[in-house]
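Mind having a look at this structure? Questions to follow.
Order as written gives the chain letters A, B, C, D, E, F, G and H; numbering starts at 1 within each chain.
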Amino acid sequence: MELTIYLAGQIHDDWRDELKDKAERKNFSINFVGPQENHQLSDSIGEDIMGQQPGKVYRDEAASSINNFRTQLLLSKADAVIALFGEEYKQWNTAMDASLAIQANKPLILIRPESLVHPLKELSNQATVTVETIEQALKVLGYVYE
Amino acid sequence: MELTIYLAGQIHDDWRDELKDKAERKNFSINFVGPQENHQLSDSIGEDIMGQQPGKVYRDEAASSINNFRTQLLLSKADAVIALFGEEYKQWNTAMDASLAIQANKPLILIRPESLVHPLKELSNQATVTVETIEQALKVLGYVYE
Amino acid sequence: MELTIYLAGQIHDDWRDELKDKAERKNFSINFVGPQENHQLSDSIGEDIMGQQPGKVYRDEAASSINNFRTQLLLSKADAVIALFGEEYKQWNTAMDASLAIQANKPLILIRPESLVHPLKELSNQATVTVETIEQALKVLGYVYE
Amino acid sequence: MELTIYLAGQIHDDWRDELKDKAERKNFSINFVGPQENHQLSDSIGEDIMGQQPGKVYRDEAASSINNFRTQLLLSKADAVIALFGEEYKQWNTAMDASLAIQANKPLILIRPESLVHPLKELSNQATVTVETIEQALKVLGYVYE
Amino acid sequence: MELTIYLAGQIHDDWRDELKDKAERKNFSINFVGPQENHQLSDSIGEDIMGQQPGKVYRDEAASSINNFRTQLLLSKADAVIALFGEEYKQWNTAMDASLAIQANKPLILIRPESLVHPLKELSNQATVTVETIEQALKVLGYVYE
Amino acid sequence: MELTIYLAGQIHDDWRDELKDKAERKNFSINFVGPQENHQLSDSIGEDIMGQQPGKVYRDEAASSINNFRTQLLLSKADAVIALFGEEYKQWNTAMDASLAIQANKPLILIRPESLVHPLKELSNQATVTVETIEQALKVLGYVYE
Amino acid sequence: MELTIYLAGQIHDDWRDELKDKAERKNFSINFVGPQENHQLSDSIGEDIMGQQPGKVYRDEAASSINNFRTQLLLSKADAVIALFGEEYKQWNTAMDASLAIQANKPLILIRPESLVHPLKELSNQATVTVETIEQALKVLGYVYE
Amino acid sequence: MELTIYLAGQIHDDWRDELKDKAERKNFSINFVGPQENHQLSDSIGEDIMGQQPGKVYRDEAASSINNFRTQLLLSKADAVIALFGEEYKQWNTAMDASLAIQANKPLILIRPESLVHPLKELSNQATVTVETIEQALKVLGYVYE
């Protein structure tokens, strides 16, 4: 069975590559999708396409509409969502993608370090599974194939 | 026309009282609901009801399930949602409530200071309206009655 | 039985008042709602609430988000929609409100002059009923009470 | 990933061919669908299939039901919608298709010239992305593949 | 608890009055709604409102759109549906209303004489309850209040 | 584009074969599905699988549940529905399948002879297209591919 | 705020009366509904209304359709569900009502003794809150009003 | 036509293998999915992935979240569900999976021995088909292909 999994979460390190590599080595038949991982591109894409905007607020508004087009399309194709929270950054996009998945009744794996248990407790309680590491999330995916 | 509005957002100050007072003075026929505003109670409610849990993670898990029961019930009753982000705290519950409203097709007013424009840009772009102050959010509500 | 009817359509003349007056004289127990009928206010509401914007496009964007908040909220409360097309103006908001009602499975009465039969034929075919005058639309509403 | 995109909008020029050509040259794996582009056929299809009707209104009604069958079927297959507004014509079908996509939660790219900013402001505000040219819309699609 | 029940079925005799009378005598707090029971009006309503049509097919088309407006509106208000089949007539409206209720997940009581068991077997199997008399249908309603 | 079309309607003659043959000759890439066409099997399937039942009513109940399993499964796979009404029989299954398709928002082509215009007027008005012959229905399908 | 709560669970003791009494003493504005609590009536209601059936299986089938009519109607009216599992009986109706609530996105409180933790673990994990006593369930309801 | 069928029910014997073997011999093009059949693994999977938990209740909670991830994902992929009840065990997961399928409008075949007719009567009445043996369930599946 082929699955499509949306990888929500920060785009400041290469956690998605790590996860994809491991999934490939386990021969899971999974198509991973996710947000734009080139941070600078994700911020400039509005002006890149629509031209210069009158200030930062409008530059952000333009970029965000294109990022949302990408997310809405790929999320609708996904069979499940993995959302990873790290210890830095505000990560409201991660919270948004995870919550859109919950309300759309898509199974959700939440990955978060122990230090974030308290501020993420309500979101974690609504996720289908909560784990602490990428390796654990992969094992949950693997359990579907067992 | 009577409306029910869910007030998502931080529970560390009295912004809800301010908003309710102003709405009352304007004679809006609005029933405001929202999360538990007693922060300590919101953290202890799991153990208050279910008894002592084996550590902080489980104490949080117990409390969060009861907070989610409250939120899911009141959100389902709401005609619209106002979500306020402040400059402190992680506020992932605010992001979650706002996103659940978006996916459930409920109109959403986002209130956030200018300093948060960038990290909230994708959520703001999906909100129905984004403003910067409580007073502005009230004016949007008032516009429905005009 | 009390009904809420959303009156979509142009805001350049007083067709809604005419319809409401006639409905009142027939003692229909109907609560009519609709878009902001003060055209100038509907254009300026963005800047009225959020302050000056950097140009017309942004002024329009600000106003439209608040008009959409109003429409989304009132449309969700409505049991049925009446959409009136006149011979002037582009009236894309009317087409939008009518189509949102169709997709949301709300009964829709379309009012349009004979001169608009051709350009409105696909929308008319998806409406529940199409008539040519306000008086006819009222008779359709009246038939529900007979 | 293979996508199906519905191209809503006027059928009086060859903008769809331009867009398809460019998409092909970029090797996007996209299946484009849309309304009947042969304008005369789109007007006569009712009488072509059902025989002569008693006048123009009935000829239009017959044609529109078959055009709607095509649109409803292809729209349900589409992962996203591009809706192009030009400076001529009433284009209520474009507004209808775009609004059906919005209510059905399908991502929507709106293309409109600057001259139409004001009359399209509410629809634009509900679209996922709004741009001014076909080239820009293609870049938004391309961003999904990056 | 107040309920709204839609009474689908033939409009050639006074079975609805019989049912309403009995319900009133049992003090059920039920608001009964249903199709237009004046058969002649139900056939002529299109031309009554829209004026003369070019033949019977178009007269029927006009009337049916207004009958459907009524049904769609009242069915959306109903908590449950009772659909009565008699031994005469084609009764395809009854089958349609009952099936719309099934797909919309509204509880459905089917009333049909023993002679119609065979041709109605698939519809009966999808109904929530099937009985043979109005009296039995009322007892099912009464059971909700017990 | 490959389509799945459900063919609702009477199973007493070979109209489906005629339609499939013609579709094949036109090289439409369509997978046709539909109810069990072996009438005797469709009546006996309950007792064939579950053993003898205590009378005709229960024999019908057993068969209908299995026929409904087939229809529910195949209808959920269908992109559109064609429902054919002939001049004989009660054909309530045809009315049911057509109405389930309407409420599930699937495009519907209704085929009915002129003699049935009046009793089918409300169902016809809710269908996406109504025609009189199989050949016409095929032309509507063909229009999607043009 | 007035709430309607469906009380799913065994009908062999008076746990509902205990819960209603306590809720009344706390002045909660709650309308409690639930299945038929007269066990004998719940078993005989099919034959009571439809007459004698040809054996136990058919007697049960007749009764169950009427019990399901009641449950489907009352569950659709409920804002939330409380499902109580006791140590005896198979209680598959309780599991069914709880699961229908989960899939319909209604908040669910599960009450079960510690001895049932293991066999109910997957259902408990999908419930919004799980507690062990009626008193605890009431406290969860009370928390909504705090 | 290729189908995906979810096999809900006890995991203490090899009934799924029997069913799959027979389906294969009949050349049905069916992809069967279902819960984890390794009972011990299904109980330990939480601690296997997340590490030791503070007691049985938490061990069960951890395992159940991963079992639910699997079920939610596979159930969403399924075209229909077969739920088998045996004479032993509480089988609340079987009741849950069957009920989730009912509410999600997926066709459901219930298999249960005669001895369970009474306690399963309401669930059976909501299933699309109820049979007593695996062989009969296969014949129902086969009927879809006939």
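Just so it is clear, a residue touches a chain if its C-beta (ideal position, glycine included) is under 8 Å from a C-beta of that chain, and two chains touch if they have at least 3 such contacts.
By chain, with names taken from UniProt: A, B, C, D, E, F, G, H = YtoQ family protein.
Nothing here was measured: the structure is a model prediction, and the numbers come from that model.
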| item | value |
| --- | --- |
| Equivalent interface to E-G, taken from B-C, B-H or E-F so that over half of the residue contact pairs match | B-C |
| Same vs different contact residues, subunit E (YtoQ family protein) with subunit F (YtoQ family protein), by half of numbers used | same |
| Chain centre separation (subunit B (YtoQ family protein), subunit F (YtoQ family protein); CA means) in Å | 49 |
| Intercentroid distance (Cα basis), subunit H (YtoQ family protein) paired with subunit F (YtoQ family protein), Å | 31 |
| Centre distance in Å when subunit C (YtoQ family protein) and subunit D (YtoQ family protein) are each reduced to the mean of their C-alpha atoms | 23 |
| Multi-partner residues of subunit D (YtoQ family protein) (each touching 2 or more other chains) | 65, 68 |
| Residue ranges of subunit H (YtoQ family protein) in contact with subunit B (YtoQ family protein) within the complex | 54-55, 58 |
| Footprint of subunit A (YtoQ family protein) on subunit H (YtoQ family protein) - complex, ascending | 31, 33, 36, 38, 41, 45, 48-50, 65-66, 68-70, 72-74, 76-77 |
| Interfacial residue positions of subunit F (YtoQ family protein) with respect to subunit E (YtoQ family protein) in the complex | 56-57, 60-61, 63-65, 67-68, 71, 89-93, 95-96, 98-100, 102-104, 114, 117-126 |
| In the complex, subunit A (YtoQ family protein) residues that touch subunit H (YtoQ family protein) | 1, 3, 79-80, 105-107, 109, 128-132, 136, 139-140, 143-144, 146 |
